[in-house]
């Protein structure tokens, strides 16, 4: 046994050191809790100021939108689904990484997730909030959005459950709810840590209320872990379903360019792709700011780069298969749509998308690039742009050239479109910065389990086979 | 310095929390369900009119037929509010100097209509056709109630979509022979022969598709 | 009451996982049942050492998931295929593929609720108060220390327990008292509860009042722009015209489609030479008489009475008011009398249309064809009262026809 | 001394005789079954049309297992997985059987190039050989892709790529057996990223060619993923069964523990779900879109004769095994797990049968001895090849650097 344990493995296949810098239980608690306990760096205030201002602009714009109506947008026939739906799909996609990291990687025993999952889950929730905003304001009379839910009413009407838009309502709201539960439940032990460290009354009261009286009891941990595993197991098919349902919005229609069977897995891959890109975009500066470099290591970032490359390739695969089948099907409408995408009036958008989503991530083949913070930040930003354009290409190119050439129309967004999209980032970052400031940004309890000293001894009982 | 600790009585909060979690949503839902229901907001609306016209006297005691004043009800979607001249048919000679009828005199002189306050008002996105209903044997009383007993006209039915649908899905019990449509006090006998009922304007086709429930029947 | 505070249990602190697990195993082997370990993270192997039984949580989750699945299908089937069946885009009222997504999402939603709330309920959370929180050193239980607690209520607990626990490798052992404080909520809290409850009862009371009382004010329209659209409906006011009416009269000199020629006998009751029409310009039949009877009952019987003799509720009541507030009632004519009987139908028609003596004209209430029908009915009424044949009878048919 | 010798001392990890013997038995049984099927097929008097449909089912069945094995090997390297090290060799055997599987495909050249049945059906197996019927013009437009010569060349290309991938990865693994230096494993890992891309493209196109072009007017962009999902289900079922077989016959006693089975079971469960997800997505979108050119394919499978098979697939390939494999106890009870693995393999065969045979005659359910014997024969020949490859070779990677982690891991 001894010589086995002593062997030195090459870096690329070695089980990763997930925590660096000789951290132990105490120092992990200190590192993470310090963020919430002390005044944040000046940069935080500047960023928060900007975010809140942008959020203010969004709210003003929304007020104006409600006052004037959706006519202030660029949407019109035949591009009735323009900018707001693009933004919706974009934000929902970003919201996928959180639950993927939390749930799917948890099930795959990818322990490197422990340092980043809290971050990613928070991002998910705020992204889903932004996503939910767009369909809500897109219905025209947002105060009637409750009609989407099957609530008994004096009209004695029910929502039309055969509509994919209603499936969306259920999928996205379920996703938001489950993500919130998952995030909050994982946070309860860490909130208890903050509670126990707090010295002032108000933080102690507030953290205490939300920590629910967690004592770290092992009997509670037992059920907690089982609940966490079950939630992960439930959230995994949920992640698959949410973007699949979003893809159904398009794919059940008979519009060429929308109606294609690969949409569900293709959208899921794209969602993970953009979600991971967003995690990198946020994580690179955040670990720098809050001194989390030993917990969120280069290894984490490198792994995320690999996931980006893999999902980028899956998206590229879908682009390719769509093109091939557009020809193979012999359907001239399908063929036209794809030729139009690549060479038509929105070719610039199409090639932006291909460049950002398929070509640029190829630099991650090189280990050096995967470990270069600037490179990964820039590529991740481009992927965000590219994935926004993917939704734009799907939504707009297909509708702007529909079956009736006389109604062809070139969609141009208005200033309000652009400002509302920008404003949604204000919403996102406001919440995100508040999260960074007041909540445990790293799952302390989980990170501690990754340390070697968290495991009693180094021996195992022989597994019992149940027969 | 002693740290803040949750006092022991907070344990008592747990059942309270549980009750709130169960009762709270039900409370809010119920509040909206009942509070925003037309039965709360609309039924019972009995505004003061410029002339205290009594339907109980005119339609009830004097036995004026509804159509004497609301002349278009059998022909048009809209059941007309009578013009001043119809009032004057009688009131030229009956109580012409009554102070209560001052607005009537004024209207007759100036030609400006009397500003009657509308009681039964559907939202503008609803198309309602009085003629279609009346000719199909739906009595005034089904929607307006016993106007012939009202001193002041009051809304007695919610006029909500669900209420409309109740009848649209099962209209037969609410239909009557056409000549009895304005007989507000008529009570339907249990064994009313179907052949006495007027033919229906709309009914389900052979595929079971019933235009009575089409969106575009009322929202057009 | 003794001054000695009641004992909650004994708390032992451990520096590392190994000694905690070993101690937990010994505590269990010693027969204790009411004990627990408190750790900053889940320690694997501790369940085994403590003898923690697998939780029933998965079954709760499964049950909740199945309720979600069944409920989801049931909801969609009942709402879309039973309660409001409606064909949309040629889809069946309830199609299994189309019902899968929502049922699927509800399965996951309810199962997740089961996992989360089930975990909380099984763990007895939230429980903000705990005697252990009063122990200063226990605050490290959520950071970097490991604790074992044996409750004083354990049947095996004895005064020697703390000492024995110390011998298991604990770095510190201390007894935890049950804090001596009341468990009844303070008065301000009770007061607050009362106030909140009373305030909460206020809206339902207002709703109840609104339900059972009359209102002067029209309903609150939440969606004004839909309830009141920018269009004019019949008999609404309009600021666009001097008379303030949205409905416009026909322009002078025009005849609406389907309207009568205003100079015809049908519209005037007179022949082209100016004499009263003596015959009906319409086909005289039973239906026309019936129509006449109906219209007569609506418009004429008001004053003239159903028998046409002038005895009506209006006439009686008007006579009671005679002289009051300018009432100057002239009893209506007896339509069955000789004077009226002598008049040709055209003259009756004209009387209805334009009025005569104190009778106002009814041209705006009664359509021309209906006026003819009333004139015809009058004839029938008279003949019926005189025991004669109705004018629609076969003998008179040719004579009456134009 | 190898790691395995230290960690698994006393375990039987190599057995020349038994594999040789089973190879011979499988060859004999397979050959006889196939011969009998040919005779029965000739007896049908349809120029072997039914036989070749049955042959394609069996052939794609073994191909999907072999491809699944290749995928398993690549993806374990790609993710640096340690749980699967002792199982990887079993998958590697199926991966390098791909050239042999390719050889088993040679009889399919007959329906590709013969002129029998061309006039009435468009081809003995693939009807685009001679476009006919209402879609003749449409199908003729696909001639640049769908013509026998290019088809055969493509197949050759796919097999060249698969063989190259299989041999490359397995050679690394064999080299690792002989040295303590982890370089071969590192090399395999490095190539796995490229390998998975090449694998994805070739498998997709092969699925389009072999199966989707059976109805050349029909198309579905998800079809490659659908075939892939079925293949992965097949390989996990196959690995469970082979591991059980090895252990029940006294080999690999310590190398494979219940933890490994538990993980295999989890993946089997996951991919049963994944298959259901992909199959549902494909069905749902066509059902909802309701465009005749797409629904005709499902309509063929929802005739009175084929509807029961469609329902069998929904229940047997998804609902029942999903419920059956849900519990962790099932995955740790080897007999039960083995039952579900066998069940899934059979259902995977039904899936392929459902893809291929309705094209033969959608009015009647064509199922009989020919179908059974052909598939049995092909599985026999496949197993014979596998046994020959495995014969004498170590059954686990003896020196894999992650072997200790593999033996240590425990499910929570």
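Residue numbering begins at 1 within each chain, and the chains themselves are lettered A, B, C and D in the order written.
Operating definition for what follows: contacts are C-beta pairs under 8 Å (C-beta built on N, C-alpha and C of every residue); 3 or more make two chains touch, one makes a residue touch a chain.
The shown structure was predicted, so the numbers you read here are calculated from the model rather than taken from an experiment.
Enquirer: Expressed in steps between touching chains, what is the minimal separation of subunit A and subunit D?
Expert: Graph distance in the chain contact network comes out at 1.
Enquirer: What chain pair shows the greatest number of contacts?
Expert: Max contact pairs: A-C.
Enquirer: Taking each chain's centre as the mean of its CA atoms, which one is farthest from the centre of subunit A?
Expert: With centres defined by C-alpha atoms, farthest from subunit A sits B.
Enquirer: Please indicate the chain closest to the centre of the assembly, with centres calculated from CA atoms only.
Expert: A
Enquirer: Roughly how far is subunit A from subunit C, going centre to centre by Cα mean, in whole Å?
Expert: Each chain reduced to its C-alpha mean, subunit A and subunit C end up 38 Å apart.
Enquirer: Can you compute the centre-to-centre distance for subunit B and subunit C, using the mean CA position of each chain? Integer Å is fine.
Expert: Distance between chain centres, rounded to whole Å: 15 Å.
Enquirer: Can you check how far apart subunit C and subunit D are, centre to centre, with Cα atoms defining each centre and the answer in Å?
Expert: 58
Enquirer: Calculate how many whole Å lie between the centre of subunit A and the centre of subunit B, each centre taken as the average of the chain's C-alpha atoms.
Expert: Each chain reduced to its C-alpha mean, subunit A and subunit B end up 51 Å apart.
Enquirer: So which bits of subunit C are touching at least two other chains?
Expert: 44, 84, 86, 91, 95, 98, 126-129, 133, 222-223, 226
Enquirer: Which residues does subunit D have that touch at least 2 chains other than itself?
Expert: 284, 288, 412
Enquirer: Using the touch rule from the top of the page, what residues of subunit B touch 2 or more other chains?
Expert: Residues 6, 36, 38 of subunit B touch two or more partner chains.
Enquirer: Judged by the touch rule stated earlier, which pairs of chains are there in contact?
Expert: A-B, A-C, A-D, B-C, C-D
Enquirer: Can you list the subunit A residues touching subunit D in their complex?
Expert: 1, 3-5, 7, 9-10, 12-13, 15, 108-109, 164, 225, 229, 237, 240, 244, 248, 251-254, 259-265, 309, 313, 317-318, 320-322, 325, 328-331, 365, 460, 463-467
Enquirer: Along subunit C, where are the residues that touch subunit B in the complex?
Expert: 84, 86-87, 126-129, 133-134, 179, 181-186, 189, 193, 200, 203-204, 207, 210-223, 226-229, 231, 233-235, 243-245, 294, 297-299, 302-303, 313-314, 317-318, 321, 324-330, 358, 360, 362, 364-365
Enquirer: Considering the complex alone, what residue numbers of subunit D touch subunit A?
Expert: Checking each residue of subunit D against subunit A gives 3, 6-7, 79-80, 82-83, 138-139, 141-142, 145, 182-183, 185-186, 189-190, 193, 197, 200-201, 204, 208, 217, 219-225, 257-259, 273, 277-278, 281-282, 284-286, 288-289, 291, 293, 329, 332-335, 401-402, 404-405, 408, 410, 412.
Enquirer: Subunit A touches which residues of subunit C in the complex?
Expert: Interface residues on subunit C, with respect to subunit A: 16-18, 20-21, 24, 36-48, 50, 52, 54-55, 57-58, 61, 65, 75-76, 79-80, 83-84, 86, 88-89, 91, 95, 98-99, 101-102, 104-106, 108-109, 111-113, 115-116, 118-120, 122-123, 125-130, 132-133, 139-144, 147, 222-223, 226.
Enquirer: Once bound in the complex, which stretches of subunit C touch subunit D?
Expert: Its residues touching subunit D are 44, 90-91, 95, 97-98, 100.
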